[in-house]
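You will see chain A twice below: alongside chain B first, and alongside chain C after that.
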Partner chain A sequence: MVDIIILLTLLALGYGFGRYAEGRHYRSIIQREEKLQYLVAVSTKIIPPGEQYSQSSLVCGNVVISVDFFKRFLAGLRNIVGGRVMSYESLVDRARREAILRMKQEAEALGAKLVFNVKLETSSISKGGGNSIGSVEVFAYGTALIPHS
Partner chain B sequence: MLVSNLEIVPGKRIIKHLGLVQGSSVRAKHVGRDIMASFKNIFGGELKGYTELLQESRQEAMERMLEQAKSTGANAVLNVRFSTSSVAAGAAELFIYGTAVILE
Partner chain C sequence: MEYSNPKIPEGINTSSEHPLKEFFLLSAGVLSLVAVVILILSLLADKLAHHIPYSAEKNISSLKFEQEIKGQPVNQYLSSLTHHIERAIELPDDMKIKLHYVDADTVNAFAFLGGHVVMFRGLMEKLPNENALAMVLAHEIAHIKHRHPIRSLGRGVVIAAALSLVSSSVGSDVMANIMGKTGYVTALKYSRDHETEADDTAIQAMHRLYGHLNGAEDLFHVLEANTKGKPSFEFFSTHPLSEKRIQRIQKAQTNTSPDNITPLPTGYAQWVAKKPESQADKK
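Coming up: the complex of A and B.
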């Protein structure tokens, strides 16, 4: 009986705080993405001819995000029937966008206008532990090109 | 030292290739950070402790790579790549490699 109460409390806490945190994070991501729209990040290697760049520098951004208890519970249920695991999709989406934003912020601080050869790397850092934690790390890196000032 | 993950440097010519240079660092988690992380596992959200930890270890791996590049007499490292692997429960390896070159 006590176990059930603890489980329900954790689920309720996870649902409440998780939803709030996700909503807030998405709002902040959308706002910052709009602000950094002028800074283009592309995954090609070929630099368009024409403009001269005086400097290039490696820029990177990383983030570790964890899923809440409620969503992990849902994903556990989903494992039984199979199909799309929506609760993890939003987690990975948030992590990727946040990592790219942090990379762009670093490029912005250098005065760059373009980021080339952007690569994204996703890894689950706590894999292999006793309790498998639903946290994911995304690392984004690329080369920022700084035009002649 | 110029570090870039492109194969060329705009406006500069590569005089000599000096081969592969690499640097790695294996880090374990901190108990305090681990406790905070287990709270976050209920509420969800960013694990700032881990973000910083991984950032620091990448910095260290990068420094090791640059040291190696310096000892070969290079002045730039191109085509840099990062890789992450978990070698044991609670420890992560950050590995960076690239090509050391001399630019004019």
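Coming up: the complex of A and C.
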């Protein structure tokens, strides 16, 4: 009986804190995305012709977001019956957007107007670590183009 | 060429479904699946345990009883009574009842794996006549005849094993519940169906042995008096309620003249009386 009580407590904690953190994170993401809307990040390798840039620089952004207990439990139940792992979708979405934002913030600090050749790398931390709660890492990197000042 | 990052609407890469809804749906589905699996396993275990040879059951049973005091009048009396009941109940030849008389206050008797039947002094001293005593013995021997000990154990072990996949502590709680504790040794608990089946067989045997059922119901009066004060809900109890068992006996009764009750042998009261030295031993 004790382990069921512990499980339910962990689930409630995971749900409460996870929901709160996710809501706060999304609000911050949306706000910063709006602010950095002017700074374009594209995956193309071709520099748009016509404009002159004096400098280019590697910019990158990296984020690690942990799964909460509730999300992991839901994903575990999904493992049995199959289907979309909806609890992980928002997690990965947040990680991608946050990584790009951090990359853009770095580009902004350099005074760049465009980041091209943007790539995303993901890895999961503590993969195969048995019962440990995993985290998702997203690494965004690209080449920032800094115009003549 | 002009590049731009359009504002992407929210909710494209995530689902809007509330996570709690998904949680409850999935949990309910998985739990009912577990329940169905456990139900099927327990039914199968109950049916299949019959096929475990009795000789194998004898090896499972590792009950260690205290040295029996052979030659005591109470042992001689009990074993001759057991012998009669074994024949009346048509116990198969390869099954042999090993009767144990335990000098303890517990008002109980039980059957265990390997044909062991344990009678406690606490119950025996309360029984008013031989018919009631024979009813106890017949009931426990009927458990053995129907292979209830191995069926209960098999079912319990299967359920506990399946449950411990979900939760290890619940699994071990269930296991502890199956192997319920009596005063002396761990005994098996039987389901209500098993108890009713054993009662029916015992009633038949009593008919064969005495030609009537008078006195047999006194056993349940004794058991009922012993549980007085404790709440008795049939739903929570493994044994059918004593009243219902008395009703079953009265239904099966054909001859109701009360003067054909067999009395207990003379000296029985002294055999099962509390011995002062055994009281001192226990301390």
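Quick note on the criterion: the second predicted complex is superposed on the first by the 147 of 149 C-alpha atoms of A that agree within 3 Å, B and C clash if a C-alpha of one lies under 4 Å from a C-alpha of the other, contacts with A are read in each partner's own complex, and residues count from 1 in each chain.
By our rule, contacts are C-beta pairs under 8 Å (C-beta built on N, C-alpha and C of every residue); 3 or more make two chains touch, one makes a residue touch a chain.
Bear in mind that the values here come from a model prediction, so they are computed numbers and not experimental data.
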**Report entry** When chain B and chain C are modelled together on chain A, clash or fit
**Finding:** fit
Query raised in the report: A:K119 contacts which: chain B (first), chain C (second), both, neither?
Result: first
Requested in this report: In the overlay, answer first, second, both or neither for which of chain B and chain C A:I80 touches.
Outcome: second
Query raised in the report: When the two structures are overlaid on chain A, which partner does A:Y53 contact: first (chain B), second (chain C), both, or neither?
Result: first
Report summary line: Counting residues of chain A touched by each of chain B and chain C, the higher count belongs to B
Query - Overlay on chain A, chain C to chain B nearest C-alpha distance, Å - result: 14
Report summary line: Intersected contact list for chain A, partners chain B and chain C 71, 116
Report task. Please name which positions on chain A make contact with chain C in the complex. Result -> 1-4, 7, 15, 19, 26, 30, 33-34, 37, 40-42, 44, 48-50, 70-71, 73-74, 77-78, 80-81, 84, 86-87, 89-90, 92-93, 114, 116
Report task. Mind listing the chain B positions that touch chain A in their complex? Result -> 2-11, 37, 40-47, 50-51, 54-55, 58, 80-86, 88-90, 92
Query raised in the report: In the complex formed with chain B, which residues of chain A make contact?
Result: 10, 13-14, 17-18, 21-22, 25, 45, 47, 52-54, 56-58, 60, 62-69, 71-72, 98, 116-117, 119, 121, 123-130, 133-135, 137, 139, 141-143, 145
Report task. Please give the residue numbers of chain C that touch chain A in the complex, ascending. Result -> 1-5, 7, 10, 13-15, 17, 19-20, 22-23, 26-27, 29-30, 167-170, 173
